[in-house]
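Below are the structure tokens for one structure; questions will follow.
We call the chains A, B, C and D, going by the order they appear; numbering starts again at 1 in every chain.
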Amino acid sequence: MVVDLVLGMAGSGGDGVVSAGESLLAAVSSHGYHAMMTKSFGPQIRGGESSCRVRVGTVPVHNPGGALDAAVALNWEDFLKFGAELELAPTTVLIHEAKAGPPPEALVRRGAMPTEVVAVPITELTNQSAGTEKAKTSVVLGLLCGWFGVPEDGVRRGLEKKFAKKGEGLLETNERALKAGIEHALANPLRSTKRLAPPPTHSPKLLCDGNDLCATAALFAGCKFFGGYPITPSTEVMQTLAKEIWKYGGTVLQAEDEIAGIGAALGASFAGLKSMTATSGPGMALKTEIMGLASIAELPLVILDVQRGGPATGLPTKSEQADLFQAAFSAHGDVLRPVLAPISVGDTFRVTVEAFNLAEHYQTPVIILSDQEVAQRKETVEPIDTSRFTIEERLAPSASDLVDYRRFRHTESGVSPISHPGLAGGSYLGAGIEHNEKGDPTASGAEHARMNEKRFKKLEPLQHRRDLFDVLGPSDAPFALISWGSSAGVAREAFELARAKGLAVKLLIPRLLYPIAVPVYREFLASVEAGLVVELSHQGQLHKILRMQLDLPAGLRSFCHSGATPFRPDQVLAELEALAAVGVK
Amino acid sequence: MVVDLVLGMAGSGGDGVVSAGESLLAAVSSHGYHAMMTKSFGPQIRGGESSCRVRVGTVPVHNPGGALDAAVALNWEDFLKFGAELELAPTTVLIHEAKAGPPPEALVRRGAMPTEVVAVPITELTNQSAGTEKAKTSVVLGLLCGWFGVPEDGVRRGLEKKFAKKGEGLLETNERALKAGIEHALANPLRSTKRLAPPPTHSPKLLCDGNDLCATAALFAGCKFFGGYPITPSTEVMQTLAKEIWKYGGTVLQAEDEIAGIGAALGASFAGLKSMTATSGPGMALKTEIMGLASIAELPLVILDVQRGGPATGLPTKSEQADLFQAAFSAHGDVLRPVLAPISVGDTFRVTVEAFNLAEHYQTPVIILSDQEVAQRKETVEPIDTSRFTIEERLAPSASDLVDYRRFRHTESGVSPISHPGLAGGSYLGAGIEHNEKGDPTASGAEHARMNEKRFKKLEPLQHRRDLFDVLGPSDAPFALISWGSSAGVAREAFELARAKGLAVKLLIPRLLYPIAVPVYREFLASVEAGLVVELSHQGQLHKILRMQLDLPAGLRSFCHSGATPFRPDQVLAELEALAAVGVK
Amino acid sequence: MDTATTTCGATATPKDYSSALKPIWCPGCGDYGVLQALYRALAAIGRPPHEIAFISGIGCSSRIPGYTTAYGFNSVHGRALPIAQGVKLANPDLQVIVAGGDGDGFSIGGGHVAHAVRRNLDLTYLVMDNQVYGLTKGQLSPTSPKGLATVTSPLGSLEEPINPLLYTLAYGAGFVAQGTPAEMPGLTALIEQAIRYPGFAFVNIQSPCVTFGQEEQQMRAHKAHLRPLASLGHDPSDQLRALDLARSYGKELHTGVLYRNPNPPPTYDALVRERQRALAPEAKDRSRLLDVFLQK
Amino acid sequence: MDTATTTCGATATPKDYSSALKPIWCPGCGDYGVLQALYRALAAIGRPPHEIAFISGIGCSSRIPGYTTAYGFNSVHGRALPIAQGVKLANPDLQVIVAGGDGDGFSIGGGHVAHAVRRNLDLTYLVMDNQVYGLTKGQLSPTSPKGLATVTSPLGSLEEPINPLLYTLAYGAGFVAQGTPAEMPGLTALIEQAIRYPGFAFVNIQSPCVTFGQEEQQMRAHKAHLRPLASLGHDPSDQLRALDLARSYGKELHTGVLYRNPNPPPTYDALVRERQRALAPEAKDRSRLLDVFLQK
């Protein structure tokens, strides 16, 4: 019996492995397991090979896990295209389509070959049981039920839901294939005995991905306008809002490009609405100019960047955390804008609401830096108590403010009451050009300096937002892990493993990436002598930004690698142990 | 007699003060003086107030200087709009149009009022002598000849050149006005006796601005394609090339926007030509995505960013050094690209040639980060010995490279031989998507990591380009100044003043801003305990980037302020002395 | 955000729309006339200034919002139309006017026009077409005639100009007109009609740049050569004839309404509002939004 | 860079243009047919592959350069035309082909089309118009019919589609045609003619998306409904008639050449080369370039 099981499969685009993964996920989560599914495709968004991995646990799972417990290859060619995504270990049970023949040389050469390799005549079983090849993945699901204790009735219920509307025939076909898979498994027991432990006491959970929760949080926060242009892996946010937002008096505009998308969103904000745009790296690049306009015009705006591999078109279907520099620094002139990152699917809700609150409160663009993994992996989420959220609104001008109204009035906080078209007495000239308190254009260096100060000063309170950081572990620990976004869940597991091994380590997970909350880091780092900043990029961008703004302990290193393949907890643990072995000082 | 004289004047758009400044500059430079003229306008590029200042010296001048020796106000309203640009001191001779009345309250309230204020009936003198108000500035030039020893025949020759083609009448009119000004000055001697010392022994000089030299250097380096879109203050580069480049077999394309401009330039580079685009901050923002494409496709490209005040439209006619973050960091994914900055008009030639060399050699986009002041101020430049420049060409594939050609072959240097359409055997797929050595798309994390490494590795030699840094002063000095772009000339004068006062200070001026040449800085900073990084931005962006990549001496601080008004040498000196007064340790 | 629509009605005067900011266009610039015509048209319509959102890009012409008492947004170069669409969708009760230059609208902003037109929001788009880049001092504009020598085309341009009238007609605009400040009553009337047209309305205004423009594009030439479409007996409901007439842009100076859709279709903003009203009953309580994801 | 123009002539076969990279379009995708037609057209023309530069943006359709033996550039979304113009100006001897989807070309890239057309470089622009965003999985495209329900317009779109044929004609394109892989010989011929046309040539290819497209846009429907312009007796030199016919885009499936300028004007690249040749004698020695600034 195991409390944690990682299953993976690969096939060609048409095989439906992703859809099978979803059935699997639905099955286990309906039984009360914690679970998570990630999918992976070839270099093109549409077409080519595809794969998925599902991690199931009796305790919460924070990342997709390490090497697979069970791997299913529908053909070798496609399976081989996924290296690290579907990592094998000697302990993996490797199941493959029998007619594909034994594991090819190329796989064997990679090393770490499973000791238990099982050929199953999957196509044959499907044809015999279902009379059509199309039900292949139902056979696979049956094998997983039979061999690994995946709850059979959960899978069956999933099939019912999935094929209910597609006509009786299809459902029956697939049920027969499922049964054939189960029977094959029972008739051919494995050597390995990795059967899933019974589920924890049942508690209802949400099952969704990060993009789902981002869109829902936007509605929750009162977003009334979305302007955007499709781009992987962010499009689902627009798609969800395009279904829902009208009910709440809002609008989605699919614009002609990313510039028009953010332009329209900024216009809606100028007109007084909570407003949003979403994109990925290439679109962020195009939005740069108007993000600067939002900063100087002091207009609230939420900008979602679901990071994918870069540069340029890069790796559109894979995760990377290499847009942080762009989020923090890409603007001409001096600009400061908050950058937030969710660390898991569930966290995306909170971070998105926070982004709207910051935007409205500080009259500023706010970037949510999600990443493909957080955005598109589907996982079980503990129900969210929405009553503990407050929703902020922008500061409206009082009657006295409207006497000789100065839109950009210098106030103590740096935040000025903001009017909007339609409000009598509040007319002003919004502008991308530097302006005085009223909004009139100026070329004065002194006015410019004052306005720059105002725009920076108003964000100073962010320095003290401790609630935007998770800190775990003993406060006097000499070792540390810092990680963000989708890597944070890996760091968290590595941290727990290290603690279990007795290492004096602590963990910092920032949701606020920029501006750097100096006091929070200072306090955390006070005891730290060595540690790792774990992030999925070639340069280790957060580590570099921390260096820029803080005096870091000499032993705090960057632990980073280029995107596509997430870190594994054991990699981080090993690196941390190596660091600790060198010893403190 | 003075060896250094700073003159300034302001008027409304139509008064022609800038044109008068140019005549003045031509006059003094033709006599062998070193000189420099800067101009300044209101918040709008076209229309509104304008001003200029001319600094003349018997020794080279590195910056526009501090408070004015003589100021001319054609009317108070416009003069007042220029605060720090036309700074007054008690020692300034303030000359104003008599009919405008005495200096207004607003000016007096600013403090530091000149003790010598001279009312001149400029309009009256003009009408009397020339019979038209239009020759006003010739009267002003006459006053400056008469009172400050500006060489009269130089001015006269300038008028001849300027009005030669506009018909006899105009020339005569202006000559009469000039004479009237001179006579008025001689008849009404000043209390102050700031007369310019005789010029140094005559040596021929170039008279031009930074944009002139950038365009000329591009031709010199072999640039054959320019694609761009007009934007202040960079447009003159396109304008010059649009006249000249055809002669050398090249083309200028005025594109429909900045994206198309860089797109076409990148296309030309793909086709094998040395290629360039130019813009300012807002245009840089728009070019971000295609700059990333140039990086991943490993195509040479020179991108000129003439910085102006930001964010957004900002202060389009004023200088600022706040696009460094954007130049260094704005890209999605991990990108490294060289950023160079010229420190003076003359330096622009060298830096531009260098930019083409780096682009071609390393197959990378290179950013030239000029700024409005360096780009648009006109100054005397020592003749440039072009024979000492080498011109680099991209690495062509050998015959054996073309056997099963791999465009992105991993080589020791990271640079791969590059083909171009038209070359038999060299066909490949250029792409913004991640690719393998051949250029075929990939989604493999391992391939991606190798390509990221390649793209970063190839730029490592830049770490050792000591020739891209000016280092002055004793190597063991505990105090330091670091400055770049147009501020470098100010820092240089402050450095010289400090040295003259016996301060143990050294000076570092980087032309290579990014990547940070760690060994060069390490060596320079070895002796340093305190110092200033002087730059014209709110955030002090170079200082922040240095922190990011180096362990800086604790006493090395940022000395920065928002743009529009350049630093004055005495400000930097004062700050440095304050630092030194606190003492070493 | 259903702001009640109020009107100043007969009480509004052009002065009500004029702000304290002093225009800094060159003396004689055509844009002064455009501004006056706009004041008059706004007064004739009579919406209070705070119910007007006036969006522009960057250029000499794009400064115009600042000279009115409306809510203005002098944004960035080329992006006035997308921003304006966001404003209008956020609050369809606003009277939204967009203005800018030929460069702003048809060069850098050219990609947005077709989409603004096909969406057909109730917007008024005024382009001050001076066939040159005024603000940046005289570069070639997309409407500059072929062969023109400018600072960026010192040897003469090699490309055909674009045709704003033909393009917007081909895009399907419901209201397309052309005017000039050389004929103020006509221009005022066109702006007023454009604002009143329920849908996307475009007025191309030949607004001379006295500083960088050509002789043939100045007030004097306009006065000498303008050909009112009315005098040609043009029927503005005839789209095909409008397309045909539009082809002489750059050769003839037609003034008046080229095309006005006699049966304006519902606007995008009206359709959006309709959809919002229809779906409002399906709105969930904020605390129930996450229920769709509950696995039971 | 006056590469001598060579031809394979009669010896070239479609296979010469087919690369080792295996297309990963969905089985049945219309783009397979487009690729075959292109191979054939290229073989008929016979330029060696290395003298062809094939530029695209991003989309399913934009993958096409990689499947040929030409120099390809699979650039970024929407920017194929500007890049291609740079390539052509850099080396006018190259045969430059641009390809992409309806989204790539008319949505994000829409602002570049009018300018590419009016510059009139000798380029061939092939759009695989499938009325949907294929690569990103089924969103609304600018050519999707009004009212279409997609993942981004689940309640039906509210905007009119754009009209690629009418737009490019209004922009002044010298060659405008439409084809479909449902009729391979015709499509092949159109591509060949477009490439041979000396100037900007546009072919709108109705290329079905089997995965996200509508029933009415599939091969079967094309075969049933296509109306060859030749069979209508259309004279491709009649621009006004072409404009008129173009207006039925989205309603009728016209195939063939809508417009071909019978007197193609000189191309921009030819004018550029002419200018370069005329001015070459004025070239200064590299070491003398700075002399203009010398004050004596």
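In this section, contacts are C-beta pairs under 8 Å (C-beta built on N, C-alpha and C of every residue); 3 or more make two chains touch, one makes a residue touch a chain.
Keep in mind that what you see is a predicted model, and the values were worked out from it rather than measured.
A centroid comparison over C-alpha atoms places A as the chain most distant from chain C.
More C-beta pairs in contact connect the chains of A-C than those of the other pair, out of A-C and A-D. With centres defined as mean CA coordinates, chain B is found 43 Å away from chain A.
For the pair chain A and chain C, the distance between mean C-alpha positions equals 42 Å. Between chain A and chain D the centroid-to-centroid distance comes to 38 Å (mean Cα coordinates, whole Å).
Each chain gets a centre from the mean of its Cα atoms; for chain C and chain D, those two points are 31 Å apart. For chain D, the set of residues touching two or more other chains reads 58, 74, 76, 107-108, 110-112, 114-115, 142, 155, 272, 275. In chain B, the residues that reach two or more other chains under the touch definition are 42, 44, 246, 256-257, 282, 289, 293, 297, 312-313, 431-433, 441. Note for the complex: chain A touches chain B at residues 40-44, 81, 83-85, 280-282, 284-286, 288-289, 292-293, 295-297, 305, 307, 309-318, 320, 322-323, 325-326, 328-335, 431-434, 441-446, 448-449, 452-453, 456, 537-539, 541, 544-545, 547-549, 561-565. By the touch rule above, chain B contacts chain C in their complex via residues 13-14, 42, 44-48, 229-232, 235, 238-239, 242-243, 246, 252, 254, 256-258, 282, 312-313. Residues of chain C touching chain A in their complex: 1, 3, 21, 48-53, 55, 58, 65-66, 69-76, 79, 81-91, 93-94, 111-112, 114-115, 272, 275-276, 278-280, 282-284, 286-287, 289-290, 293-296.
Taken in their complex, chain C has these residues touching chain B: 24-27, 58, 60, 63, 74, 76-78, 107-108, 110, 133-137, 139-140, 142, 151-155, 211.
Residues of chain B touching chain D in their complex: 26, 29-30, 204-208, 212-213, 216, 219-220, 224-225, 227, 246-251, 253, 255-257, 259-261, 263-273, 275, 289-290, 293, 297, 349, 380-381, 383-384, 386-387, 419-433, 440-441.
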